[in-house]
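Order of writing sets the chain letters: A, B, C and D. Residues in each chain are counted from 1.
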């Protein structure tokens, strides 16, 4: 891996393509060339790009399941404790542990926690919020990444990274433009 | 399993015939048992028969409902399983259901308290209900319900057959229109069938969600059946129907959704009655919640909801017919349990009952039904080749 | 059914209008939609300013009405003793029902992989959030002591007491607050990539900064998208039962009570269907005028209108099913109070409201069976307005008419909303309108990144047909 | 017995009535006077009563196991109950006034009464029956909080402001009430009263008026629900006295304000756990019935059905 303590000068080298197909081909070529630290930037999610980069192992579902269980158990437990232990009251002749009536709040507790976990977990796993990122240093990226540009970045922590040769390699793939992405 | 490739003609594998023969044997065996039961314990016979009948009917009626839903929404998920649904909800199976209704029609006096003139006369509420709850009206309505289902099954089957022959693209539109009308007719007729055949077992009690509860149970039964059929038809090196994980995922999700909705309807009815605590309504739950049927209730919640819910959460399980099959079998059992839970306490509120006839009835009716179902599977190609959306459905990853 | 001449004209009988007009590319979609936001302030359309003036005016009426309410007490409303809930809860249920279409479109249709949702989901989600905001105020405003709503939360306080978890109103607190939170989260998460687009194409520094902060640094990385897609599906998977539960719990507010006309088990599904029915009517009410105003015909095509009309027809029929069952069950039950409740709706002092409700919710929507009606924007808008009124009347009939004549005849009394009831309702409409107009002006009202998915360029890459 | 003058000839002087064209709304606390065939007030003739004394009881309370909450709550020591004899009540409304003074109930005025917001904790309902419009049969029924053991109002209160006390009273914690009014909606008897406005504002500001109030009873503010308490202040006073004297509360020691004032002794309060108490004896009378018994609210207030024995001469007259 990379040795230096200071941040490398480059985040990576970026190539822009016109269509998703070209991007997919480029990803294939880069993987064939042995690069492993790749990221693609597309204006909308493309299943095949995620497949090509092997990005289908999100931990999110487990996180959400866990949070939902915590929410459900927490709310039911609280309702039980509040109604039957901490402040027992005879309400309409109903039992202290009126469990059938605790279910709606329990259910909402599960959804509330699960939903927040899904959103916050997504941000967390994506390293957001992070207002600035080196890729924004490329002017064409800013103009096209969220519109109609398809970008491939070979990142500098790739063991085979060597800026000039990566640049040459990417240029061989007939991109719109190749840029070094400064940190 | 399936010998001989179908070469894209989507014909039923031989295993279908084998299963059908097993069904026939089971049906005959069950019939012998039923006859023995009829001779020895007539009241019990009718009770068990009603449970078995509703269980068997649920397979057909549920399939009809899902088929209608598919035609209305024209979802790609339904194209792959349309022939399975058509085989399950055919004039053949529903016609059988109509014939099999005869014992119930003959047994009304044994099943329904409101057929007893002296009881009705002594009870103001039952007297009030007499214009609705009387034997001729009951039988007339029952005939109408069965006729409605048979008609819609026949029409959709005919349209589907014509589509195979002519490939007329307009037929898809007609199926959608019939689907819309049929869905309305099915929901209303099944609601009232549930009221008449099941709810009126306890003629004082009523619940407006009851029909929907029975209907969603039938949808669960139908999807469980479809999952098993998908295993039968989609397995092996050259499957009769090329089910992809994605297709099964859709079916699994639908089954999961139906199971959740079943729990939702069941809970809705329970919490409203529990909170209101009106004696007019609580009678349904007194024995089921606090009395002899408490354990059955708990088992039902576990087997019909908690366990399938937990199992079906897994994405991998939904994407494999082999992994789905045990859940489907569990749910088909839970369907019977649900009906037993609905029916048996009406006759024996104070004691849990389970009679051997309770098992003989579904064996007999289910066996014959299975045989007829396999005949349906064999009758036509297992995918509608001229369906305009077939390509889309197959391509579906 | 549609006439055969219609079928002859169309070459392929099952062909449907596209969900996105042909000729669009990801770039053109992006430019066309972000233009709605990036127009200079000085070039804001006049109709927008006019609408905002109306909305803001009504919002001030709301503040006035609420000030009087807080100063004087809810006695300024028409509520009385048999009829403890009037316009307040009618409007609460009306608003919260409207919210449901948004969640349905964004969550359930996402799970069902219905691509026609892509162009209207953002708008519908925003509508959900604003409708829930309007709805959420009523339970607080309608309190006798509206300065104490936090007592309904399970917070430790000096009284050392906890809320009563047996009360459906507490379930409501959990349901509505969860619904509001998750709707906002869903809306915001859905907007993230579009906020990034607005940031990237902002013309002023202020805009770039504001959208930049809001976008949290989203950069369209494949790694982002991977988690994002999972999160969207999970949120949709959670929102679907959530939306069902919310209106079911709202229905419990009535059905667990023992008032004839309230207490019936079919309420949960029937309320949910009614909510979706009302919600789609409101989406159509708003989208139909916005489509020409913003020239959105390419994005909101006839297909959308057709489909929304079909959803309205379906849910309207489920609502009708509920009405039929209520009436049937009353007579079947032999319960004198139930029978009287139904007869009172038919012929009692509020019969006009009841029959108007049947007209608006049941009879008029049957026109949607006809394709010609479904594809006529004017007819659709009028029908949607009927449904908006009908769903308000439905809650009025359930709440007020049931309460005004229940068990003990000596209690029976009429209820009349006052000008303050109307002022608060008009005020919430003002709030809704204000928020909605601000939204379509400053936030991406159509989902850009999901619209890009609908372009031919993207569908080709996707491999999987949507 | 001589025939009485009937209402057919109530006046001896002829009066002329002419329209003035002016309109004035009437404020009335009751707007519907027909029973609609409901068994709210139960009446029987003497022969009917003699034939079957329990005729008015109807089905009686539903069995305990009709409830889904098993086992239910028990009230081991005192269990307060009230019996109202419809045969004795002649609708004088003295109980209403007594209750109003005892419990600091605001007088809300014509406008608020016109909006159905009167605050009486007890009211005397009037129903007219019969086909003779000129001379209908009139029934009176005092109605106050029934103190249901399975109170529908309590279940729906989100903040537990109304709960059950150890002696079976349906208690209202004014301090805790936030005013959702759900309890009032869900009370089948609609005996709960709500402070829609600050009805006690005047009383609070004027020192002299302040002295009008019963110091043992809270004065309620705007936005809270209130209702009959079975004069809980009197119960507590008796309890203190009894505890000081080291004995149980005696039967008849507590008299509610309405009971105290009733000239016909139609209202009797006491401990229904004490078989010797007057109220227990009345409750075991065959004429006893529970209002809306079929709802299984299990009220602590019971009614004694009215038995009529009209003089046939009066009927004819």
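As a convention for this text, contacts are C-beta pairs under 8 Å (C-beta built on N, C-alpha and C of every residue); 3 or more make two chains touch, one makes a residue touch a chain.
These numbers were taken from a predicted model, which means no experiment stands behind them.
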{"item": "From chain C, the most remote chain by mean C-alpha position", "value": "D"}
{"item": "Chain pair with more C-beta contacts, A-D versus A-B", "value": "A-D"}
{"item": "Central subunit by CA centre of mass proxy", "value": "C"}
{"item": "Distance between chain centroids, defined by C-alpha means - chain A, chain B (Å)", "value": "43"}
{"item": "Length of the line joining the C-alpha centres of chain A and chain D, rounded to whole Å", "value": "66"}
{"item": "Between chain C and chain A, distance of the C-alpha-averaged centres to the nearest whole Å", "value": "30"}
{"item": "Inter-centroid spacing, chain D versus chain B (mean Cα positions, whole Å)", "value": "53"}
{"item": "Multi-partner residues of chain B (each touching 2 or more other chains)", "value": "271, 273-276, 278, 280"}
{"item": "Sequence positions of chain C contacting 2 or more other chains", "value": "161-164, 166, 168, 170, 241, 252, 256-258, 463-464"}
{"item": "Overlap residues in chain D, where contacts from two or more other chains coincide", "value": "67, 69, 150, 152, 155, 157, 160, 295"}
{"item": "Graph class of chain-chain contacts, one of line, ring, star, complete, other", "value": "complete"}
{"item": "Sites on chain C touched by chain A in the complex", "value": "25-27, 30-31, 154, 160-166, 168, 170-171, 174-175, 177-178, 181-182, 185-186, 188-189, 193, 196-197, 199-201, 212-213, 216-231, 234-235, 238-239, 241-242, 245, 249, 252, 449-450, 452-453, 457-458, 460-464"}
{"item": "Parts of chain C lying in touch with chain B, wherever the complex brings them together", "value": "1, 7, 12-14, 111-112, 166, 168, 241, 244, 248, 252, 255-258, 263-269, 314, 317, 321-322, 324-326, 329, 331-335, 463-465"}
{"item": "In the complex, chain B residues that touch chain C", "value": "72, 75, 124-125, 128-129, 132, 169-170, 172-173, 177, 184, 187-188, 191, 195, 206-212, 253, 260, 264-265, 268-269, 271-273, 275-276, 278, 280, 388, 392, 395-397"}
{"item": "Chain D residues touching chain C - in the complex, by the definition given at the top", "value": "30-38, 40, 112, 115-118, 123, 125-127, 141, 143, 152, 155-160, 175-182, 184-186, 188-190, 192-198, 222-225, 292, 295"}
{"item": "Complex contact set, residues of chain D against chain A", "value": "67, 69, 72-73, 148-155, 157, 160, 163-165, 298"}
